[in-house]
Amino acid sequence: MDTSSTTMKTSTKNNLTSTSNMEHVAAFDLISVEGYRMDGRKSDELRQFRCLFNTMSDADGSCYLEHGNCKLLAMIYGPYEGRSNQEQAVITCDFSMTQYCVSERRLKTYGDLKSQKIQMSIQRVFQQAILTETYPKSQIDIYLKILQSDGNDYCPCVNATTLALINAGIPLKDFVCSSTVGNIQGKYIVDLNQQEEQQQTPKLTLTIMPQRNEIVSLSCESRVHAITYNDMLDSATNACQQLFSSMKQAVIEQLKTSLNLLHDN
Amino acid sequence: MPRVPVASEDERKFIVDGIQSDFRLDGRTSRMYRPVLLATDVVNTANGSCLLKLGGTIVMAGVTFEFTRTSQESPNEGRIEATVDGSGCHSLRIFGRQRHLFTKQISRSLNYILNNPKCFDREQLCVVKGHHCWLVHVDISVLRYEGNLYDACSFAMKAALSETKVPSLQVTHDEETSEVTVDVCDDPFQFGLLNVSNLPVFISVSQVSGIHIVDTTLKEDSVTLARITYGVKDNGNIVYMSKDGGGSLDLLNLRSMSKVASDIGPQMNSLLLDKIHLSKAKQPLWGHVNENLLFDDINFV
Amino acid sequence: MLSNTNCGWVDGPEELFDPLQFAVDLEMTDKSSDNGVRDVNSLKNDDRVFISKGLITKANGSSYVELGLTKITCSIYGPHETTTDESYSKCLLDTSIKFSPFSRPKRIDPLRITYENSNEMDDTEEAELCSMLEECLLPCILLHKYPKSQIDIIIDIIQEDNEANLLSAIVLSTTVALIDACIELYDTVVAKSLKIDSNLLTVCYMPNLAQVSSLFFDGELTTNELDKYVDECIKQCHILHKAICKVIIDDLKNKDQESKQTKIA
């Protein structure tokens, strides 16, 4: 995956997919001549990723995540004795937003089609990632609250939930990292923000377990050429690996501070 | 305030005994509030916002502006509404189905003080008399509930409104066609501020076995028989009053409770104002990223 | 009574009464009585009260109240078994208040749908009045006497005079209907609203226990002024209380006489 080969492929593909080329024209100023994006990032650069643990004292695990302009809270309640009698833990997800999280005021903060969809997919992703067999007949609740949205809500939600689950001490198979990649002006740009999200360009959302090299979920709801698709997948994997390293660092730092605190006492 | 059994029989006795000897569960006296911590201008998508912690209760308020026509009844006034949203809050789940009624009641109370002409001047929201005005939404999301949501919401609302940036407008009046066109200025440095000096805060006074306490926690709520929420202005005048809790009160109690509220109200008002000023000074310059994370302790004042 | 309400078949009234039989017309102020003839001037008096009970025979208890020009009926069904599994130890109150389409100068659309317990904007005036009414009734009903059951209170506002009178009339009618339904009460609760300038104060008061069950205030007053207002409201409440007492005692006397007559027959 060296960069020279990708640029080679890009040029050939552009001749093949002429219609998508037209769409690129509409988004002409998203990447400057020098190769910088609207917010000054390089095409393979992530937005600023910062997080804070233990924000809600009554939750078993919680995490406040700021990813670019996206601000959200993830809280984990459980595992506690649930109603179901299953051999593995049941995972529920509650996704809500604030009315003012987007520039156009939202009327509904909870239970609309979009949030139901996110709830479902978060539930499905973490049903696979959590070692649910360790908690029979119990339940784990994931609460997500978007305070400020920056385009895609799903990816930060997955990342924040992973961190909150780690904070809660719930055994996971691996980190779960999620990122998006788009194809604008023949370039693969990762971690789209709201402006880039709104363009009519092909985009792909990838959720992986980085240390096991497993894809947990993958969605691509646009017409993409097969060659482009592979490249997009590659750069999305790259972005997820980058995310993983910053998430891991955050977890280790949090662990260090808490251990130091113990040491001081 | 729906009554929820979060404390056992013995624990309730312990709480009541503590209150009677003026030493509450967390060491406060009967007239003391939990620490108020706030951070303003926390969300970029809202015109004004505030994150407020009142002990364990955490609320976030956001103010957004919408452009509408004036109503026929009051042609030179704008409109303002408050909503309280308890969705996605785990600690509010103890109320079950009454959760919506509870949050709705708070938003109703907030709307009463916002629409009281003696508390908030709605004429400042009018853009063109009889034509256009602002519709201001004050949305309050409950992130965590640990008692006294009324007061926390009113504090957050006042803090958010006091730092709200009103988009500046350019009104051009065409003499010939008598058409009025309104354009929003693009310059982010041009904005107006709302006058919220008269806006009251809520002071909830609860009665527990003959003693009046303020700022009850969730556990203290389970021993509270009756509670009156007062809207108190900075001069001590009472502008709103409503009762909840399902108990009854005699006249003597009623009097001393309103005394308590009008004593504490101005204090809380000035405390809140100080905090708002401190928080404003702490805000990063426009266009600069806040170095601190939103929930970081450094961010609060 | 219960079988009557459950059969779903209404044969019409079981007996026919002269409405005047129930009517106890009270002149609350010292004005000279108008000998049963209602002229427009006396009707404009806000203090004029007309109370009758037992209006709707199919209900367990009912009442009809006129306060000034405000006309309200209240019917009570229950206590009957509750359908919800929320509270077992105590009785639930289910209040519903409905404005008739012609209750105000401007027509109220009866088809306006109100969703209950939903996230929708159901912030109607009815919902607000309901919560106020419940708050004021909770201290006065012996709810623990009716475990696992609920009481339905249905109020129809036939005509509204002014907003100051409304809650007062609603509480009055509910109290009379509760007594008619033979539900155990600590005391009769009466409400009076005072509207002076832009200050609106409503006090719900239980005269025998000398307890305030609920109060609401909107306006601006100092504490001393507020105390004076409350005192004035309570004074008025005492007068209303006398009116209720008179209706109930008269009704009891009537029934007593009837039963004696039937015995003789």
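Some notes on this structure:
For clarity, chains are labelled A, B and C in written order, and residue numbers in each chain start from 1.
We take it that contacts are C-beta pairs under 8 Å (C-beta built on N, C-alpha and C of every residue); 3 or more make two chains touch, one makes a residue touch a chain.
Remember, predicted model here, so these are calculated numbers, not experimental data.
Core chain by CA centroid proximity to the global CA centroid: B. Averaging C-alpha coordinates per chain and comparing to chain C, the farthest chain turns out to be A. Our note on geometry: chain A versus chain B, Cα centroid distance of 34 Å, whole angstroms.
Centroids of chain A and chain C (each the mean of its C-alpha atoms) stand 57 Å apart.
In chain A, 109-111 are the positions where the chain touches two or more neighbouring chains simultaneously.
Under the contact definition stated at the top, the residues of chain C that touch 2 or more other chains are 119. Residue numbers of chain B whose C-beta contacts span two or more other chains: 87. Chain B makes touch with chain C in their complex at residues 87, 96-97, 100-101, 104-105, 107-108, 112, 116-119, 226, 228, 233, 236-244, 246-251, 254-255, 258-259, 262. Within the complex formed with chain A, the chain B residues making contact are 42-46, 49, 56, 58, 60, 62-64, 66, 83, 85, 87-88, 90-91, 137, 139, 141, 143-144, 146, 289, 293-296.
Residue ranges on chain C touching chain B, taken from their complex, read 86, 117-119, 123, 127-128, 131, 135, 138-140, 198, 206, 209-223, 226-227, 230-231, 234.
Of all the residues in chain A, the ones that touch chain B in their complex are 48, 50-52, 55-59, 64, 66, 69, 71, 73, 75, 77, 94-96, 98-103, 105, 109-111, 141, 143-145, 147-149.
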